[in-house]
Amino acid sequence: MSDISNFFSRMLESYPLFFEGLLLTLELTVVAILLGIVGGLVVAFFKLSNSRVLRAIAGVYITLIRGTPLIVQIFFFYFGLSELGISAYWCATIGLALHNSAYIAEIFRGSIQSIDHGQTEAGRSLGMSSLQVMRRIVLPQAFLRALPPLGNQFITCLKDSSLAAFISSSELFNIATAQGARTFEEMTYLLIVAVYYLVLVLIFQGIVHLLERKFSAGEERVKTYDRKKNHGKGQLAQ
Amino acid sequence: MSDISNFFSRMLESYPLFFEGLLLTLELTVVAILLGIVGGLVVAFFKLSNSRVLRAIAGVYITLIRGTPLIVQIFFFYFGLSELGISAYWCATIGLALHNSAYIAEIFRGSIQSIDHGQTEAGRSLGMSSLQVMRRIVLPQAFLRALPPLGNQFITCLKDSSLAAFISSSELFNIATAQGARTFEEMTYLLIVAVYYLVLVLIFQGIVHLLERKFSAGEERVKTYDRKKNHGKGQLAQ
Amino acid sequence: MVKVSSLNKSFGDLHVLKDVDLQVAEKEVVVLIGSSGSGKSTLLRCLNFLEMKESGSIEIDGVQIEPKSTNLNVFRQNVGMVFQHFNLFPHKTVLENVIEAPVVVKKVPKDQAIAEARVLLEKVGLADKEAVYPNKLSGGQKQRVAIARALAMKPKVMLFDEPTSALDPELVGEVLVTMKDLAAEGMTMIVVTHEMGFAKEAADLVVYMHDGQIVEAGKPMDLFTAPKQERTRSFLQAIL
Amino acid sequence: MVKVSSLNKSFGDLHVLKDVDLQVAEKEVVVLIGSSGSGKSTLLRCLNFLEMKESGSIEIDGVQIEPKSTNLNVFRQNVGMVFQHFNLFPHKTVLENVIEAPVVVKKVPKDQAIAEARVLLEKVGLADKEAVYPNKLSGGQKQRVAIARALAMKPKVMLFDEPTSALDPELVGEVLVTMKDLAAEGMTMIVVTHEMGFAKEAADLVVYMHDGQIVEAGKPMDLFTAPKQERTRSFLQAIL
Amino acid sequence: SDTTKTTSGEEVTLKEKGVFSFAVSGEYAPFSYVDKDGNLDGFDVAVGKALAKKMGLKAKVDKQKFHGIVTAVKTKRYDAAVASHAINDERKKAVNFTAPYYYSGPVLFVQKGSNVKQATDLKGKNIAVSKGSTYGETAKQYTKDISVYDSDVTALKALSEKKHDGTITDSITGKQAMKKGFNIQEAETLGTSEQGIIVSKDNDTLLKALDKALEELKKDGTLKKLSEKYTGIDITKKP
């Protein structure tokens, strides 16, 4: 009982501190994802281009980033970029942005490739150039389809931003561990910060669900659509 | 130039140390994934069951785990389980296993649901019970289909195990930071450990690709199969 | 053999089967036609309890079946079903597909099941394919295996839901031949199909469904040449 | 209008088109038949340079086209193509689908493009659907929009690749009517289809392909009633 | 847990019979660090081992992020921590301390050539410290803008890389970093501190045994020798 009341009193008392951390976490995440989208688009186009060299560059970039842990990358940017006098905040942001750009590139590549090739053929057969087809037919559809996975990537990034704590960024997790270390009540503050993350994640998950609903409604319905809905539940049913 | 030769001499000299860390990293990952598969299967069946209560339990579990950062979970288990005298190694393993179980549950659920409902109907129409259909028709196919995503989860877990460093498990990343702190050459050791991770990831990615090829060959081919292969490259082509 | 009285079925707000009555005598072959969405598949699926009826009665081989009170698994053994998309088990060979249900459900000894399965595969002309996996078969071959698989349970009635409509035109014939043989042997069959050739040759009764109701039923020649209802006429015009 | 001489095309080891010769005069309607995999689609796609020929020559409207030396985008405007799966642009309304290419490729002023599109939509019987998105249309309606979209570029030849085979039986008729109208107006057309009724009524020439080669060609009545080649005969038997 | 008799005859409660297990941070050279073979070394480690030997026990040393050590001892993950913890009231509420085993004090380090000469110049500037250290409290007296790291070495490294205006840490650790080529310099000594060994609140027997063993190490000169070996000077006498 006293544990629980202690938890709530700590939670109330630490609220202003965590609120600042929450803002920083959100800022880190939003900026990293926005930069990641820009970078991801470039990498995706490299990956889909006709030039072997560009494809290879994109491939190596994606492999390097997806082949090493984020925490290694964050430390790497932190100590590697310091000659340029970049602050911890920007090192964390850039590290997260580069990390995300590799994943976002794959999202864009996937969504572009998921557009039925018939769309391209229809465009080409009407005399449109490949650029016109890409810009007017494929990309608008691919963007819509990329929105839900981008939303999920945002949520992943939100959680990953906790690693910025290790390069002294005062986001949520760093505040929690610092408070824990000060009071020797690590568990309490870990619980508190878990609640903050959970609430953030649930909010953004709600938004992603809305996006998914909105954009799957626009897709062409197949004849078996209605039956597919039955799939999930009751697979174990009689 | 001297940087590069320094890198290689450090790499050679530290090889036995990193090799131990590598073994621990692999051990952590393998044990966490195996435990995660067991847990994931249970949670997946909960999620697919007809009982609302079980579905809700599984849902809350998955939400909690996927809604908070892994590093928070690892710290949580570390400080929470220390009363039980569980070692840092096992705290890290259990933390990673529970974390993975939520993701693996979703892999199993997805692969079970991806089996065409027609398979279930065919089985039921032959007089098989729902359990017989699940055990003999759906699960064997679902398992094969789950193998490639499980492989990818393994790779994710391999990288995530680097976070065990923060609760003093002497896996790869911890060795790198400790050596960096001793020699004040953080960058060198970060590069070295990045190479270790990259090689590990590439090896396992190769295995996953083999799995994917093997198991997509067994799938029924659709009429447009050949054309789909053309999709990727040349979308930007003339 | 099959007796359906005032059967009703809805999906949510959608009333899909409206007071359907249908009687099929032993050894009779009934062909169900009707436009997309008229409820043909749903009717078949209700007969096999893949969908649960809402009201009305279903009697098969003299036994009235109530979903709640009956062991549906035992009951379903009497009703074989062949699907549009074959639904063969891809992880099992042709022979394993055919013996699966007898061995697992009826506990037939494996040797006996294999012997019986070979007879059936012979009958559908696929004796040489028993060790092959489904993905190596053509559509027509798959459908014939599916028929053999259903027959292996020795059903009293066979239901076919557009068994040839997923096939390339050239492969339709081989499946229809197998079905005609089956009809000639005296199997009771209910077939949803748009193959009018089959209906003319093999059906005892053609039933036209529209919007969840049976609009008209009759001998193939009568129905095709002189439909009584306006709706039947316009449907036949569109598809013949 | 179209002149193909000893056209060859392979996919890797697979030799799909083998020395194909084909001539289509202006206002002529040619129906291509043949079993699955015989190369019908590949032939159409080569005519439109969606696939690149390997050897042989292709001449359209008196101009011989070499993929390397010609601006294919300009050339493709002369050849309209209608696909089995419609391939309408789902993010654009019916009207936007039809005006897209004229406005973007030919730089026709938008007002004029809209006026012309409305005439075409009227012609295919969909004047009232211009503001609707494709996912609200039936298959037959989609295919008619696809025809209007191709016509909007005022092509000299129209290619159809199984335009009705993805449609429910009831919807086939409305598309065939549109195509017959087009033929009657004097459009040069090459149509891959298994609708023999259409071939009989509208085709000037029926061409039977097998295994990448043109086996036999002739007027519909001649080919259907008295095929010269054994292979043609067995194919026709299977599908008629 | 189990009881073991020490050489001097007292019964002490330990996690594992006959073994004195203690934690160090491992990232606080020269007090504790990992050598190139992966073994823990440093003044803290050597003191812990000497204490174990004195008590007739086997020594088992573990590395643990500094900010988690107090909790780890509190929750009995280790018998004790010999990890350069400055004795203060806040920590005393959570755990017990032995007598000091060395004396030191927080020192402000700044970037080489910095115009920060003393702590009072830090108003509005940014100080980096290690998480869970008492230096954070010290820093609060001079500025609100404080960055926290997992270890002192990382904080010093970040200072050297010009990411902060100052770092408060132990003078010996800072000087060691200067020797390794960090771009930093000493600005001001900010007081004195006494470093003690940490034992959990309910383990009085071990606390007493440790105090006794420590006293003997001081008397026989072992402690002084270790201090000189690792830090170059004697820091075990009260200044």
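For reference, chains read A, B, C, D and E in written order, and residue numbers begin at 1 within each chain.
We adopt the following convention: contacts are C-beta pairs under 8 Å (C-beta built on N, C-alpha and C of every residue); 3 or more make two chains touch, one makes a residue touch a chain.
Being a predicted model, the structure only gives us computed values, none of them experimental.
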item	value
Contact pairs, highest-scoring chain pair	A-B
Maximum centroid distance from chain C, chain identifier (CA atoms)	E
Chain A-chain E separation of Cα centroids, rounded to whole Å	40
Centre-of-Cα separation between chain E and chain C, whole angstrom	81
Mean-CA-position distance for chain B and chain A (Å)	18
Inter-chain centre distance, chain B versus chain D - centres from mean C-alpha coordinates, in Å	49
Of all residues in chain B, the ones touching two or more other chains	79, 129, 166, 177, 186, 238
Where chain E touches two or more other chains at once, by residue number	68, 71, 150, 157
Residue numbers of chain C (touch at least two other chains)	36
Chain C residues within the chain B interface of the complex	48, 50, 73-74, 76-77, 79-81, 83, 85, 87-91, 100-101, 104-106, 133-135, 146, 149-150, 153
Residues of chain B defined as touching chain C within the complex	116, 118-119, 121-129, 132, 136-137, 140-141, 144, 218-221
Complex interface listing, chain E residues touching chain B	15, 26-27, 29, 33-38, 62-65, 68, 71-72, 75-77, 150-151, 153-154, 157, 177, 180-182
Of all residues in chain A, those that touch chain B in their complex	45, 48-50, 55, 63-64, 66-72, 75-76, 79-80, 112-113, 117, 120, 129-130, 134, 138, 159-160, 162-163, 165-166, 173, 176-177, 180, 186-187, 190-191, 193-194, 197-198, 201-202, 205, 227-228, 230-238
Chain C partner contacts - residues on chain D that touch it in the complex	35-36, 168-170, 172-173, 194, 235, 238-239
